[in-house]
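Letters A, B, C and D mark the chains in the order given here, with residues in each chain numbered from 1 onward.
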Amino acid sequence: MNNKSPVKNIAILTSGGDAPGMNAAIRSCTLAALHYGHNVFGFLHGFKGLINNDFIRLEEQHVRDIIHCGGTMLKSARCHEFHDEANQQIAANNLNKLKIDGLIVIGGDGSFFGMLALDKYYNGQLIAIPGTIDNDVDGTDHTIGFATAVNTAIDAIDKIRDTADAFERVFVIEVMGRHSGFLALNVGIASGAEQVITFENFKNPGVELQKIAEHIKLSKQKRGASSYLIVAAENLWPQGIEQLCIDLQNYANIKCTPCILGYIQRGGSPVPKDRIMATKMGVAAIDAVIANKSMIMIGEVSSKTVEVNLEQAVKHRKQVNGDLLMAQNSILDIAELAKINKL
Amino acid sequence: MNNKSPVKNIAILTSGGDAPGMNAAIRSCTLAALHYGHNVFGFLHGFKGLINNDFIRLEEQHVRDIIHCGGTMLKSARCHEFHDEANQQIAANNLNKLKIDGLIVIGGDGSFFGMLALDKYYNGQLIAIPGTIDNDVDGTDHTIGFATAVNTAIDAIDKIRDTADAFERVFVIEVMGRHSGFLALNVGIASGAEQVITFENFKNPGVELQKIAEHIKLSKQKRGASSYLIVAAENLWPQGIEQLCIDLQNYANIKCTPCILGYIQRGGSPVPKDRIMATKMGVAAIDAVIANKSMIMIGEVSSKTVEVNLEQAVKHRKQVNGDLLMAQNSILDIAELAKINKL
Amino acid sequence: MNNKSPVKNIAILTSGGDAPGMNAAIRSCTLAALHYGHNVFGFLHGFKGLINNDFIRLEEQHVRDIIHCGGTMLKSARCHEFHDEANQQIAANNLNKLKIDGLIVIGGDGSFFGMLALDKYYNGQLIAIPGTIDNDVDGTDHTIGFATAVNTAIDAIDKIRDTADAFERVFVIEVMGRHSGFLALNVGIASGAEQVITFENFKNPGVELQKIAEHIKLSKQKRGASSYLIVAAENLWPQGIEQLCIDLQNYANIKCTPCILGYIQRGGSPVPKDRIMATKMGVAAIDAVIANKSMIMIGEVSSKTVEVNLEQAVKHRKQVNGDLLMAQNSILDIAELAKINKL
Amino acid sequence: MNNKSPVKNIAILTSGGDAPGMNAAIRSCTLAALHYGHNVFGFLHGFKGLINNDFIRLEEQHVRDIIHCGGTMLKSARCHEFHDEANQQIAANNLNKLKIDGLIVIGGDGSFFGMLALDKYYNGQLIAIPGTIDNDVDGTDHTIGFATAVNTAIDAIDKIRDTADAFERVFVIEVMGRHSGFLALNVGIASGAEQVITFENFKNPGVELQKIAEHIKLSKQKRGASSYLIVAAENLWPQGIEQLCIDLQNYANIKCTPCILGYIQRGGSPVPKDRIMATKMGVAAIDAVIANKSMIMIGEVSSKTVEVNLEQAVKHRKQVNGDLLMAQNSILDIAELAKINKL
């Protein structure tokens, strides 16, 4: 790390859906930048703050006690105005006028597209930190917030299991993830759910309905009446999980209760994994600014921080590991139940 | 306590919605009964188990490790068949034939009505323990499960607050409680919600809509953009909280996000309050059986277990404490906002 | 409540050991006072702040987001200087000069003795709110912080149970409580500990050693090797629980592992019980100031706030409920083990 | 995966210190083996069970509900008898006589040395799964239990921070880790501790004492009185952290409170990371047995399960990532404080 670099003006913003650990990343960027003698600015409300030139100076006292806080102290927003090229220019001009040498954006791939647009007009360096509970960013093992969201979903499902057991009932639980199955699959495995419906193993409603119904029946035969939990990714079943419950009732006379976990999955104090990874990524982002790099994303691979070409990270879609799917199949279906999966 | 009583056959069942701490009560009834040399039977699936004569013997090893478990190891059910007098007789006959001296029912007031019916045909003693997350049972400061449900709801809302703060948004959060405002009011106060809509302070949708809209606007004026949380009791707003959000949008152009906490509120490891109260109530129920009492409910008043006439407990509806409502009003509305409450 | 009272200057301080929920009480005092149009001052570091005239003005924005925070934003301290009468006069003069009409002290009985001293020289009203994890204050069912401390201790013991089970080992766990057994007894019952050693049931080390050793042996005979947890109050066993473990080894060749829970019991986000009770007590304290009362303590009895004469609250020592001790005895010892308790 | 392999007898044991997630691994080994039609045996109390031929058959119902439980249902033990070659032969003979085709050992590197010894006499396959909260096993990014232990320690320290803040005090907190700094460094960073003392950055007591004392003083100058937390690895400071507190008092008149987190770090419900990784490792271990592999350890690298040569895993000592140490240094010390680290 270079201690002798000239003093730089470094800006930070958070964008898109909030994710637990964003504050830890803001804190670590700020402390590391101050440690090396640079100035730090925080833009508010994501890209909106760039357009409106809405920012604050960040000093140690602003970030001292935020490592354990969910949400983002810099606020966030989804900024449709930024799709407009005129606004991109305004944003870049604001940064240029303020002589911001480097801008660090903490967000998901929507935010990274915003960075590609900004790069056309902005003279400074752009560094991305992946922060989204969906984990759907290529080039990094994990995104900030994912571990906490999995944890929150499982806490909730551990509770639902109690009622499902007491009433020997079938529950369908919808988890977030936009168009990616990381949350559903990890949550399904870690909660010991009897069935996971996710993009990666979904064929079509007819096939799935048959598979689920047969699995529930065989499971009841084998285990006696007992609870049965289905974890389902959002945006997957046509017309949502309430409809899935109706479909199961109509198709096989199985009574199901739908449960949408919803917004609790986005907040909460970040688990250690998110705090530590965010801290390391923040320091690595400042190092990258000091080293005059631009258009890279900080990732974590095998517990080590790495630098990834931002355009490539945006271009590729991260796939769920095959061993997760395989584990799920091997665990769910003992002996004779295994045959159903071959439908 | 009388150590010299003849050996008795004591049965236990759990009925109605499951509530965290029911297992702690089962454990404590069982251990205390065994301690004094009596026999213990557990009927399964609530009153259904009485009709079907479906029971197990309970020994120490069955209950040793369940104090911290949510749900109920004896299973529960809502039993519509028990409204039928013929089934009430069958249930009583089963108990009489088994020579069950005393039956302990852990449940809410629906279950207690079942006990009144059973008493007409059953020769033994009937003891009630109040177990429901709704807290709507008279004669006891708290019911088993209420403290845990409040805790779960607040954990969830503390997380939603993070996203509400990050996006400076209004959220409406629906909590359980059937037709009683204990959960909503306690959860509202403990989560620091800006507004609580509950049976106890509800006039009519038109008045409420005006009050909420003005409060949100004044609050934004005074505090700048910031999050605003509304905690609402279920079964209160006509057509539910999604409609409330639409109504607020139409009435005052306020954008709200609805969040239904749902089934997570019924499960989970019981908090200490529920474990301790359930343990004490279980011991008191066994004492009452040994003392040849019947048709009483065990309650807790000012941290001491009490015995209450069951019919009276069923007849009266417990009211939310006035000081809770007053506290809520004093806390929510500083200075000029106070005037709105007078609408 | 009187809306027409003249504007008053109301001060708040927290004193003695910090307790979760103190912030909720500060928040509620502040918001309720502002709601009725009064001015609020916060003295820092307990009674030290009175001597040093060290205070801040409290406005809504200072307390908006603290209901869920452990510790105390007004800081606390144990203030030995306040035993000196000269310092009591200085403190009273500072309050008198500032024209503080009422001072609200949140703390335990040590702090309340300070109030008795202050009352000799201070012209204003004095209102106490009981805040201590020890629960050893008379005139109130619970003190602020107690419910959270029990919760924290049980979370910890639930974890220790895992290792005790895996290794089939005896653990002795020390919990706080100064010279009172509320914490030990409640924690012991709620954690399902096999033995609780507390002031209320302690005879002398020789008798206890024999009782515990016999109970462990009978328990192992009856249940096979399995874990055995002893919850012990601090300041009880001569030379502490490490010595108790050595004594058990020497007396009966039983290998024990000592575990001191320590400071984790004092912090943490307050559980709902503490948030709600603190909120209600804060509002009641402001009501009492407005009603020109003095030298009273706000308590909670049977879920309702009450006003108690402060001198009486200080004079009497609250006793642990008999039904807790009885429950513990009935639950711990099934059948033949019961005889040991008669030693 | 080969579905046509002959039916195999597969045994599992857990050994050494218990770690959260061991049960998830037992569950997953069992379910996957049954899924492919094999028989499963569980040996009790680690290697002791092999010597004493103490085992149970494992079926689905034994493992259905254990994924969320801390500890190990197969019990564990540290087995000094196994250092004796005669006992190693007895253990191997027991396995050979039972026709156990493959033994899966879940434990830390001590247990893996036991496997090397057993391999000399046992005819079957040996597969290791790394389970220890210390994370000190080479060939895998993480060991089962580490993520949960970090989580538990941080929950505890978040609470201690409250009291430290309220009293503006210095606390020294000892975390586990045997002779490795993974726990201390990760916990230090994630808790936002002001100082971490660990094997990787420790020079000698004299140097450290000077460094810490100066850092505390500069920190107080810069930030005003405020809390200061030191996270220290166990087995590091000569005579422990109580002595460190005495040394700081003597050297620089700084008052510190020692806190030993102790056994709570070993238990508790495993966090999702440990549940998921353990599940995947269990399935991979069964795959390895089916594929007739032996003397390998299942690891996880970059979220994918891998197979590692067991002897090599034992031979090398895993080092803490450099970027963690660097992050810690950059974050702790803003601007002028940075100079101290150069002492």
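Rule of thumb we're sticking to: contacts are C-beta pairs under 8 Å (C-beta built on N, C-alpha and C of every residue); 3 or more make two chains touch, one makes a residue touch a chain.
If you want to know which protein each chain is, UniProt gives these names: A, B, C, D = 6-phosphofructokinase.
Since the model is a prediction, treat every value here as computed from it, not as a measurement.
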Shortest chain-hopping distance from chain B out to chain D: 2
More contacts between chains, A-B or A-D: A-D
Rounded Å distance between chain A and chain C, as computed from the means of their C-alpha atoms: 40
Distance between the centres, which are taken as Cα means, of chain D and chain A, whole angstrom: 27
Interchain centroid distance [CA atoms averaged], chain A/chain B, Å: 35
Multi-partner residues of chain D (at least 2 other chains): 158
Interchain pairs in contact, sorted by label: A-B, A-D, B-C, C-D
Partner chain D, residues of chain A touching it in the complex: 1, 27-28, 31-32, 34-37, 60-61, 64-65, 67-68, 141-142, 147, 150-151, 154, 158, 186-187, 189-192, 223, 269, 271-273, 275-276, 279-280, 283-284, 286, 301-305, 321, 323-324, 326-327, 330-331, 333-335, 338
Complex interface listing, chain A residues touching chain B: 14, 18, 20, 69-72, 75-77, 152, 155-156, 158-163, 165-168, 171, 257, 259-260, 262-264, 266-268
